[in-house]
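Common to both upcoming complexes is subunit A, partnered first by subunit B, then by subunit C.
This part shows the complex of A and B:
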């Protein structure tokens, strides 16, 4: 009697179909050894919004009865494998159906595995992943965050590689041959994908994580009210208006203390306050009111409120004022303006490094040129690595116009 | 982690697919070869419309797929299509179903055997997507047949049975299949899909006969009527609903003959009720935590069983009473509410109280409201309900109140 429980944590919409394909692939692969299974999406995450962390689940078990045993929950309370399709999710997740910040390894059983696609080194990821009181394994499939989702279907074999990696992690449930067979038979399968799965099996990198390792931050949380404590009439109080930043100058709006949304972010704006012309466009255009007005009339993006949509970069009329940078390059949500005020020269150095390091900072939202997919695929398959290409306007381009 | 011990399933003429409850309904619709389907999206029902659209696009089903501008129109369209002899499908969820109410009301008197899927969803406001059964229950008094399904397998099987029952000339009433939002509509499970040849043996063509709206059969449908006619029309509906009982039993018996599976008792599933002291009653996917909970309770020596109601209209009064009156106490778990009703209970609890009124033995009955808006029904909820039922069994008295489980209080 045994069961394998997997969660697939993904970026809403962008990776929606990808996550569903992985969950299906797990069940169909395990079926090859006579297992029973079920694949389902986390309904509370619906309707999804771009980038919001969301989950799919796959449960496979030796017998139907044991499958029922594990399904008699709205969703699993613990998982043998936590599959993470974007390494910026290491910082934790907050979605529509979760209240507070949930560490990415929260459901992973002791000595279970967090399986992630990432090009970052283990140590860098462990600065983001929260510390916990039981040991677990961190396994990496070397790949960028895939956009094989809903808006953009970038066919990059991520689902096959995850299944290949799972065959290494849980061979008694997903034999590599079973995975290969299932991939061929599933609607999205192909021999090329089988090859990708086998390579991921061979190349999977795994490291033990000790209880002393990880981000020591205590994730924010809150208690939900009782029925008699809640306001009647399906009403919620408005967020109060804000206050000046300091000395009667500037303006900082109040924000929803229960839903911060910043785990939606995959890129964040880095602002050069020296080149800011104080035009207000970022402040007006931001859909999440994330900009605080500073006493000197520049704008500081509040990192607890920013979803990383990149509208500010797109509307900013200055060539080198706001630049979107991969969220993975940052360790905290500290104020950039305060850093700049404290030491302008040091800030310039920091900013130049963040913007300049294309290896770390570039992220893709899809394709940039015709034929890019074929190029990347060749590299992924033959070299085991991935090419990092510079951005397009609005996505961390070298220049705003091309 | 253990090593595989079970062999892969052997081949049969049925194919095994990993599909959701909604996708299973779509498989059933393709096998039933429907003619007209209308779609207006609302979660969670929209998943079936997506699956049908895919089938039509892939050439696996030839049917008119009409995107209406709202639920009211989509039900009107299939109603008319059915009167000219088309096999039709439609459906909705939550307030979408409510928006179609005017058309839902006229369908039974016109004797339109449409089959619908209600992806059960909480009624707005608050805007929520999780399951509650109040949406489908809107039509419980109007001449609609209502059933609740529990698994993807039951989804495809019931879809085929639904056309067979609704389109039987003795019945000719609309039928709504209810599927719990999320738990069934959005979970993919391994499901057997039968071959078309078997379905053809089971499901005859839709023949509207003398009620067919056609130039060769000139009739007027739905003329204005006054008090001289209405009560007789209602009485006809009443008779059709009564006749449906035998037709449903025939259909399930035939289904078992043709497909070699399916329940002997169409009306409700009994789980460990033979020697049960406490019988819990529920509809839909609530059965899963109940069955798992009952297994644990049995291991502790507590004789608990489950009755999962499949059919709510027609309501299986006598059969249900026969089983339930054997228990020492009954616990009815409603995933719905009926504010201000007797004992402030849920709909199913009040129906069962009424059904038991003429029974010789009436065990204490406890009413529970649980899992509203898609809230998880936990094993702890099941254990708590069972404990309270044992208290009632020991005192021999019905609690004249309703208990809410899993609410923050």
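This part shows the complex of A and C:
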């Protein structure tokens, strides 16, 4: 008797349907391989929000009894395979249900597998993934994170490729033929998708991760108040008002100390302080109040509060003053303004390198216009995907003018 | 005996911000909430209290702005905030205003004007809470502002249809299918118009959009300065339920105004004033076609040309046929007859 427990870690809403398809696909593939299975979402992650990490689970067992034994738990405490649908989640997960930062490999059993969609090399991923005291395997399906939205699904075969890869990782639970059969028979299936699954099976890259490898940083955490420590009426203190930055100038708001936003972020704004015209638009338009006002009246995006929506780039009137860059290109959450203040020439070099890389500046965050996903799939996403435009391409599109 | 109570209730005098550089630098709704990337409603919360200032009490009925913001034992609020039930933003506003007044009258707290703002979503406000809001708008002796943040669905619980969901939109309750493409066939309620027309003693009703941040804040300041029960309706693009790249939140807000789908106006003491891009439309500037707004959202991705032109014709009607364009939907019989003979 044995069971295979999988978690699917993904970006809320963006990948909600994708993750559900994968979890369901695992169960159906298991049935076709003569096993039993169940798929379910994590209660604590609902209601989901765009970008906030969330989890689905899928359990496959040899017998019904074995499956029921696993179903009796609220949610799995250990997983054999951790499936990660966006490689920026390798920096950790701060979900609704968790207080503090949870390393991506936290639930993975010793010698289990973290299966990730990524185009990054193993080494750069291991700079982000936290170190742990047992060895595990890291497997990569070579693909960019597939983002869509609630209503329009992006048919880029990610779900089929993950299932194919899983057949390679856990052949005693999911046979490749079982996976192929399941993909063909369920409503989103096609022969082309079956071929994608088989290719992913053949091309899966796997590497052992030693206990010496990984990000040594201790993840952010804090103590939750006990019920007897709560105040009368379950009231809580308000956040204090902020303070000037330095010398009575600028302004830094106080922030909710228990929720950081940085694991929600898939891209971050990179700011050219030299070309900033101090128009205040990014600051006023930021839903997360992430911009600190600097003494020179420029604005520094605080990387503990920024969730990476990109509205600041959209409202900025200066070309390339704010550019969204993929989170994978950064090692820490340090202040860009302080870096700029210290050495302006070095900052310029850093900035030019960051915003000049097509690979990390291409944006694929869900629906922009009808037909966009089809266009993206026919083009090479890595080479720039679909142009960011105002208006509808083919009708009235102008280059981003906002 | 006639009640002598009139508008002697003192309010804070909040002068309009003269430009973006003059806006209060302090945040009273800060970072660390759990809303979506690009959440326009979170921006509305931030601007709302930035406009009202520190001497403000905020009451929030159930919805995204309650659930996502104040997750278990944490808060992003700098000003006092309290949760209230889904349909009770109106009663909470009135009760709080009355409570403050009583405490001040009895000398139990310092007498000073304190802003009371209750916010509600479109589900909590336009569907469930409409009765309580309506009642509050008739109590002219209490100063309170009710702000409806309208993201056009029950967004918190994963996008169920509300009375404010636009025609044809894809929601959990109205998924387009092969046999029936359009499931939601009802036209959206005209909430601000209804509140203004239906409550003659409510001194201020406005519509706002946070894409025009300074104007939006000035409407909040105006409402609080005027006092009595006041009502503001804000249209908030929702990247989760409308299905678009979060970066476009600002742009979609602008498009909603420029296409004429959501008119910007204020009604102060019975005087209607259009403002911003809406004013230009009323003065004859061409509206952008609604397709520019609709086709940028996944919730309308199933629309055919026929659906687009139906939507356009309904919006045209708002501007060409309504007695008061964009505000009051009925027409005088005479005007209708004249129109009929002309065609």
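Here is the rule we go by: the second predicted complex is superposed on the first by the 354 of 402 C-alpha atoms of A that agree within 3 Å, B and C clash if a C-alpha of one lies under 4 Å from a C-alpha of the other, contacts with A are read in each partner's own complex, and residues count from 1 in each chain.
The rule we apply is simple: contacts are C-beta pairs under 8 Å (C-beta built on N, C-alpha and C of every residue); 3 or more make two chains touch, one makes a residue touch a chain.
Every value quoted in this text rests on a predicted model; they were computed, and no experiment measured them.
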* Which holds for A:170: it touches subunit B only (first), subunit C only (second), both, or neither? -> first
* For A:224, select first, second, both or neither according to whether it touches subunit B, subunit C, the two together, or no partner. => both
* **Touched partner set for A:102, first subunit B, second subunit C, both or neither** => neither
* For A:37, decide between first (touching subunit B), second (touching subunit C), both and neither. => first
* Asked: Is A:73 contacted by the first partner subunit B, the second partner subunit C, both or neither?
  -> first
* Asked: Looking at the overlay, what does A:259 touch: subunit B (first), subunit C (second), both, or neither?
  -> second
* On the superposed three-chain arrangement, identify whether subunit B or subunit C touches more subunit A residues. => C
* Across the two complexes, find the residues of subunit A that touch subunit B and also touch subunit C. => 46-47, 224-225, 234
* Under the touch definition given earlier, write down the residues of subunit B that touch subunit A in their complex. => 1-9, 18, 20, 43-44, 125-126, 129-130, 181-182, 186-190, 288-289, 291-293, 295, 374-376, 378-379, 407-409
* Over in the complex, which subunit C residues touch subunit A? Could you list them? => 20-21, 23, 25-40, 42-43, 46-47, 54, 67-68, 71, 73-81, 156-159, 170, 213-214, 239-241, 243-251, 291-292, 295-299, 301
* Residues of subunit A touching subunit C in their complex? -> 12-13, 46-52, 96, 148-152, 224-225, 230, 234, 236, 238-242, 251, 253-261, 264, 279-281, 284-290, 293, 302, 304-305, 307-311, 313-315, 324, 363, 365-370, 388, 390-392, 395-396, 402
* Asked: Considering the complex alone, what residue numbers of subunit A touch subunit B?
  -> 1-2, 4, 23-24, 27-28, 31-41, 43-44, 46-47, 62-63, 65, 68-69, 71-74, 80, 170, 172-173, 224-228, 234
